[in-house]
Amino acid sequence: MQSPVQGRLLYRVPYADTDQMKFVYYANYLVYFERARNELMRSLGLPYRELEARGYGLPVITAHVDYKAPAAYDDELELRASVGWLRGVRMQVDCQILCDGRLLASGYTIHAVMNMATHHATRLPDDLAAIFTNGITAEEACP
Amino acid sequence: MQSPVQGRLLYRVPYADTDQMKFVYYANYLVYFERARNELMRSLGLPYRELEARGYGLPVITAHVDYKAPAAYDDELELRASVGWLRGVRMQVDCQILCDGRLLASGYTIHAVMNMATHHATRLPDDLAAIFTNGITAEEACP
Amino acid sequence: MQSPVQGRLLYRVPYADTDQMKFVYYANYLVYFERARNELMRSLGLPYRELEARGYGLPVITAHVDYKAPAAYDDELELRASVGWLRGVRMQVDCQILCDGRLLASGYTIHAVMNMATHHATRLPDDLAAIFTNGITAEEACP
Amino acid sequence: MQSPVQGRLLYRVPYADTDQMKFVYYANYLVYFERARNELMRSLGLPYRELEARGYGLPVITAHVDYKAPAAYDDELELRASVGWLRGVRMQVDCQILCDGRLLASGYTIHAVMNMATHHATRLPDDLAAIFTNGITAEEACP
């Protein structure tokens, strides 16, 4: 059975992330998604910093979050990301936020593939595109 | 012609909101949405602080942002929000972020109406519900 | 009597800035200081964006905050900044945060004057230095 | 030789923490200090969440940061905190931020010891005070 490569990160919630409802403020989940995406790209063997060094960026054009249960101060969250799809000049990354194995939030970001020199949308060269598409179907190594 | 009541706010972008791509970081748009919602509720005559004093909260259950053009340091943004709909125990607020009349981002948040004492979803009493539904169809006074 | 030119800004506290103690989280005061500095430079006739366009930056080398009373959600804060001193390649900006005329926090930031091309500390040219030093002793126009 | 108990945490810098100068925005260091304090209290055997459950809080009354070298996106930072002193109703925590063994920033926070029910400053009971004072002089176990 195949499952996509995942970025995974444990993250301890600081006071900074909470608001006066005593739970994590909703915008912070998009930061959690970014932390998971960074680890996803590291897991794929292409840290985002290297993608930038190759001249490409992945600015977010759509972000979506469904909040199912709140996270609280000092919770140790598991932040997960995987490649959803890569088509032409666009890519989707799917994310989940869990605590003790329970899903707290899920969502996705859609990214434009951008040539950082021209600031125009562009297709990735085949070798870089393969890294993402292989990540979708690759059997993940045991942790 | 009728247009909904809007919350409107001018907001100057600090360095704090930017990232190393030299534009506003994507999660900050959800904070901008919140700032606009706060002004919307003030415009409706029911500041969120008063709604809480009445025993109700509006936690976010879905957030969605479409990013069309970037915002930069020192830009003076216009943050706008209006009530999309109120049905049963749920409500949608629509938001737009503009700069110099140009749309930079749009999106929405869906909220549960929550009884803050029981933490259960609940319908708003008629007088409070009317404030929101009137806001959808009310002809807005000239600014 | 002379008083220094001040940057002043009214700022409404969003949920985003609060934490589960129900007050503004302490790190956000440094963002408030930045917002006040931005307005100070605009008041001096030299927005920070223009200083950067002239090739200079003012990275923070020390920050200090004394917290006297808490700020809460929906408070309308007054953020104030003024030039403390400019000596050689360093400058201090003094900041106060008030609510309803009551001092909530005060502090300062010390900045290096940096040539952004070389990333070395440098003295400002006389015309730019005068803008800051005049700001210290100038009689402020009535608001 | 004795050295104080330290809170230590590895932390990967996300895009969220950077600004358009391409380095970590200065206010984020106070969040890093908080993350390190949380780990310090866990290392002392008294997680902050438990201190709160005992009825005490440690609101910050002074914060100070000296910035020596910048941190960048994707850097893996080491966040460190140790108890500086506990005297009467006040306590200092000292913090350092490092990258690859190099000191990027240092500073401290001074906290009031607060009875969370009365919101008044108070002395800690002896058993809790001992946890902090022992942390200052205890020989730290090998990592």
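All chains are identified by letter, namely A, B, C and D, in their written order; residue positions are counted from 1 within each chain.
Heads up, the rule we're going with is that a residue touches a chain if its C-beta (ideal position, glycine included) is under 8 Å from a C-beta of that chain, and two chains touch if they have at least 3 such contacts.
Please read all numbers here as calculations on a predicted model, not as lab measurements.
Engineer: Sharing more than half its contact pairs with A-B, counted by residue number, which one of B-D, B-C or C-D qualifies?
Structural biologist: More than half of its contact pairs match A-B, so it is C-D.
Engineer: When the contacting C-beta pairs are counted for C-D and for A-D, which pair yields the higher total?
Structural biologist: Answer by contact count: C-D.
Engineer: Using mean CA coordinates as chain centres, what's the chain A-chain C distance in Å?
Structural biologist: 35
Engineer: Could you give the separation in Å between the centres of chain C and chain D, each centre being the mean of its C-alpha atoms?
Structural biologist: Comparing mean C-alpha positions, chain D is 26 Å from chain C.
Engineer: Could you give the separation in Å between the centres of chain A and chain D, each centre being the mean of its C-alpha atoms?
Structural biologist: 29
Engineer: Could you tell me which residues belong to chain A and also touch two or more other chains?
Structural biologist: 15-16, 21, 27, 31, 34, 73
Engineer: Of all residues in chain A, which touch chain B in the complex?
Structural biologist: So the residues of chain A touching chain B come out as 21, 26-28, 30-31, 34, 57, 59-67, 70, 109.
Engineer: Considering the complex alone, what residue numbers of chain A touch chain C?
Structural biologist: Where chain A meets chain C, its residues are 15-16, 18-23, 25, 27, 73.
Engineer: Considering only the defined contacts, which chain D positions touch chain A in the complex?
Structural biologist: Checking each residue of chain D against chain A gives 9, 12, 14-16, 31, 34-35, 38, 47-49, 73-74.
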